[in-house]
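Below you'll find a set of structures to go through.
There are two complexes below, and they share chain A, which is joined by chain B in the first and by chain C in the second.
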Partner chain A sequence: MPDVDVIVVGAGPAGAAAALEAARAGRSVVLIERGPFPGSKNMYGGVVYGRILDDLVPQWWEQMPIQRWVTRRQTMILTDDQALTVDYRTENWGRPPYNGATTFRPDFDAWFAERAVDAGANLINSTTVTGLLRDGNRVVGVRTDRPDGDLTAHVVIACDGVNSFLAKEAGLYHHDGAENYTLGVKETIALPRDVIDERFNVRGDHGVDIEMLGASPDVPGGGFLYTNAESLAVGLVLSLPALAASGLRPEERIAQLKAHPAIAPLVEGGEVKEYSAHVIPEAGFDMMPELIADGLLVAGDAAAMCLAAGIWLEGVNFAIGSGAAAGRAAAVAVRHGDTSATGLEGYRARLESSFVLADHRKLRDAPHLVMSDLAQQRLPALACGVVEQLFTVGNPVPKPGLRRIVRGEMKRNGVKLRDAAAQGWRALRTFG
Partner chain B sequence: MSAPDPSTTVDPSTTVRPTRAVVACVKFTTILPEVDPLDGGVDPDVRRAGLSESDLAAVEVALRLGVDHGVPVVAVSVGGADADPSLVELLATGVARAVRVDTEGAPSATVAGLIASALHDRRIDAVAVVCGDYSSDGGSGSVPAFLAHELGMAQALGLIEIEVEVPGSLRVVRRLDGARREVVSLQLPAVVSVEGGVADLRRAPLAALLAARPGDIEVVPGGSTVHLEPARQRPWRPRSRVVPAPQGEHALDRIVALTGALVERTPPRTIELPPAEAAQAILDQLAVWGYVDDERPGTTDAPTPDAVERSDTPPLLG
Partner chain C sequence: MSAESYPEMSFEARMGTVDFRIHERPHITLDDRKCVDCSVRGCITACPANLFVPTADGGILFNYEQCFECGTCYMVCNEEGAITWTYPDGGHGVVFHRS
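Moving on to the complex of A and B:
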């Protein structure tokens, strides 16, 4: 008999959701986290989209530790000295049942893992899982760095985050080249609450989410800026191979972004409190490992389920969705006494029927589209150029027609009609 | 508060045979508080709280002493329920019992009295009591001394080395001022306090960690007789000193004056005296500095080393 029914490795959002659902289904669960408390080692940009919590923690918005509710969402297209912004705000996202909130990971992860503990999971902190225990091909438990540290279970759920050593040890990854990863870097910049309210034109606990395209000249990626209660999160997501080839360090890239004329006035006078960096499984669907093996499930970033698709940077909700599905599937398999890969197939079925695989499958082309040179450099320059021409009053020269402006800007930025049409068609198929 | 005399107390627990044990005293406290650089406000995040390095070292020393003397280790803590996860982890490292006296904010003397009472009430006969040297939240390190008094034991505090010569006798090394060391041969029972570098607490085995439960902690009510100090309104800070405004025509002169550089001063001196006279000299010096009332009986007229120097030395500033 194994020591417990289910071992969950990693108390990030995926692990906490898996432990919560397995424990709720009456299984004995051990949730192992290497940090001194859940979230202590975790970083991200800053917004958690809470709809996925509706089923797991009813009225979650009354308890979840938040910084600000996002009621204003901007998409910014940048060139070296231009910025074109689409700005949307709605009061609907600032009242129940809300949409997204900025929150700090040490707060959010600790709170969410506590829900799993309330449901009966045994959370063991400061303990690193160093490998899988196997019986032939079957995973039967984990080895930890503690003395007497082996623990056996019917099912192990690997929620150990991006670059999952466990999924790799189990031989489940087949597309883990550096080109599939980006590096996320972030500065947390302290500013007084009223300064943030004024600069971002928000009040109370409302806040802003800005996603940027063209934020890092010559390295494909994106940028973000989020408002916390008394700080800003400013960061970049950068293609790993391109970053390495560029020779410029990530913190220098953030400094460049902060000096951009559209960003500088927003961060001015703030004090950098924290600098952090983390790898992102950018390629999504195309790099996903096998998700199921005998006695093993993989969820969250460990299964490359982060959705990094230009205007969307969502990982926590996908981690929670996949973790919860893994927890439920594991509990059912244990109850039926079959935790082989076949017995655990329920996991795939749950993912297929939910947003997790549906969105990833649908948007599988989005990372490639967004990271292309056209989307990163030439289209932002084209868009800004067109708008600049449109609104530059060149009297006594009469206003040029839009078609002429677009044609001129396309030529200036080396955008061929054929390429633009092909890209447009791909985008329509992907996002449409 | 003194531990009640066992012979006069009518206590059902007296029918139980005393348990010999090494006792480790630990305090749950803020380890990595966030300090606001502007207003100095301290955010004592409970997730970053725990047992200080020196308390963890104390538990490891206790565990080793327990093995050397063939007795179990009992961990005792005075504090709130926040301490329970840390105590559960100690149970998993090999501590046999964990006792928490449930009260918060008690001053050092009261804490020592509560620990002594808890040991007495539970019929724990301490072979040795090991404490951390002082708590990381601005503690004075006086609990071990008060505890030695309560238990009527010898004390050796601020240890940087500790080893068993033969069971019942320790060879310990104390840190003294001026980078000097004192080697002491100590007969048990005794109260010792250790610095954090003395030992690393062993990691709890996974199986023991899974088996340990908060319910295994013996919680003793702090009691209503406890005299609690008023809660601190603000985080602990060293007292501020009033410094006269610096003199000088130019800003540079005033800054130099403020730093005390280039000003003639009395270099510190070391004097060696027999213990009684040394204690008197310390009291006299404190009186000169104004920390104690010099109307005390027994104040000598003999000038203190500093007083002698001060009388013919111009004030440092001004």
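Moving on to the complex of A and C:
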């Protein structure tokens, strides 16, 4: 008999959800985390979309540790010295059941892992899993860096994040080239609460989420700025190969962003309290590994389930959705006494019938579209150029027609009508 | 956009904001004999902790201590066997508090 029914590796959102669901189904569960506490190794931009917790933690919004509820969301298009912003605010996102909240991962992940512990999972911190134990092709447990650290189980659920050495060791990855990954870097910048309220035009525990296009002109990616209670999170997401070849380091790029005329007044006078970095699986559906093997399931970033599609950067909710599905599928398989790949097939069915694979399948072209040179450089310049001309009063010259402005800006930015139309059509098919 | 117009902190001060619980075992090692043939040297630009420092003789000096454990270096490296990458022993390495 194995030591436990289910071993979950990694106490991020995917692992905590998997452990919670397997434990709730009555299985014995060990949740292993290499950091001294869950969340200690994890950084992200800043917003958790909590509705995925409805089924897992009743009234979650009354207990989840948050910084601010996001009631204002902006998409900003930047060139060197221009900014075009779409700004949306709604009070609906500031009352139950809410929409998104800024929260620190060391707080959120620790809180969520505790919910798994409440359900009966055994959380073991400060323990690194160094490999899989196998019997032939079948995964039967894990090796850890503790003395006598081998642990066996009916099912291992790999929720070990973006580098997933477990999924790689099991041979499940086929598209893990650097071009499918981005580096996220960020600064947490302290500012007094009332300064943040004033600069961002919010009150109480309401806050702002700003996503930026054109924030790192020569390297595909994006920028972000989020408000916490008494700090801002400012950072960039950068395509790995382009960054590596660019000669300009990540922190220099953050400095540039902070000096942008549209951003500088927002961050001015703030003190950097923490600098952080983490890699993101960027390519979505097309890079996903095989998800199921004999005795093994893969969930969350370990399975490249982060949705990184320009205006969306959602990984925590996808991690929780996939982790919960893995935990439930593992529990059923253990109960039925078949934890082979066939016995674990229920995992795929659960993912297919939920937002996790539905959104990823629908948006599979989005990462390529968003990271294209057209979307990253030429469209931002074009959009800013058009708006600038539209609102520049050039008396005594009469106002130019919109069509002429657009044509002129397309030409200046090397955007061909045919390319724009083709890209627009692809975008409509993807996002529409 | 000019970086000069913003008073920037030193890189040491930047890394000083991060909590590292250093273990005596280097979790990443570099065989920089492999680096001599590398033309891109992407690690130097991309490592967010700036841990890859070129030396006068064409090698690379590497220190594992202030590492985010992000994985960027082994992903951008194009010389097989230059970087040997593992996670630090449990409980050690970077600890985030406000991210």
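Just so it is clear, the second predicted complex is superposed on the first by the 432 of 432 C-alpha atoms of A that agree within 3 Å, B and C clash if a C-alpha of one lies under 4 Å from a C-alpha of the other, contacts with A are read in each partner's own complex, and residues count from 1 in each chain.
Operating definition for what follows: a residue touches a chain if its C-beta (ideal position, glycine included) is under 8 Å from a C-beta of that chain, and two chains touch if they have at least 3 such contacts.
From a predicted model like this one, the values you see are computed outputs, not experimental measurements.
K.L.:
Looking at A:S40, would you say it contacts chain B, chain C, both, or neither? Reply first, second, both or neither.
P.N.:
both
K.L.:
Contacts for A:S246 in the overlay, against chain B (first) and chain C (second): which applies, first, second, both or neither?
P.N.:
second
K.L.:
Can A:P106 be said to touch chain B (first), chain C (second), both, or neither?
P.N.:
Both partners, chain B and chain C.
K.L.:
Can A:R146 be said to touch chain B (first), chain C (second), both, or neither?
P.N.:
It touches chain B and chain C both.
K.L.:
Once the two complexes are aligned on chain A, which partner has more residues of chain A within touching range, chain B or chain C?
P.N.:
Touched residues of chain A are more numerous for C.
K.L.:
Would you check which partner chain A:Y181 touches, where first means chain B only, second means chain C only, and both and neither mean what they say?
P.N.:
A:Y181 sits against chain C, while chain B stays out of touch.
K.L.:
Is A:R378 touching anything from chain B or chain C once the two structures are fitted on A? First, second, both or neither.
P.N.:
In the superposition, A:R378 contacts neither chain B nor chain C.
K.L.:
So in the superposed three-chain picture, is A:R73 touching just chain B, just chain C, both, or none of them (first/second/both/neither)?
P.N.:
So A:R73 meets neither chain B nor chain C here.
K.L.:
Quick check on the superposed pair: does A:L257 touch chain B, chain C, both, or neither? Answer first, second, both or neither.
P.N.:
second
K.L.:
A:H206 in the overlay: touching chain B, chain C, both, or neither? Say first, second, both or neither.
P.N.:
neither
K.L.:
In the superposed view, which residues of chain A touch chain B and also chain C?
P.N.:
Touching chain B in the first complex and chain C in the second, residues 36, 40, 106, 127, 144-146 of chain A appear in both lists.
K.L.:
Using the touch definition up top, name the residues of chain B that touch chain A in the complex.
P.N.:
47-48, 50, 202-210
K.L.:
Going by the contact rule set out above, which residues of chain A touch chain C in the complex?
P.N.:
The contact residues of chain A facing chain C are 34-36, 39-44, 80-81, 104-106, 125-128, 130, 144-146, 162-163, 165, 178, 181, 183, 185-186, 188, 228, 231, 233, 240-241, 243-252, 255-260, 264, 272-279.
K.L.:
Per the contact definition, I'd like the list of chain A residues that touch chain B in the complex.
P.N.:
3, 30, 36-37, 40, 106, 110, 122, 124, 127, 144-151
K.L.:
Which residues of chain C touch chain A once you look at their complex with the stated criterion?
P.N.:
It comes out as residues 1-3, 5-6, 8-9, 11, 14-15, 17-18, 21, 40, 42-43, 45-46, 48-50, 68-72, 75-76, 86-91, 93-99.
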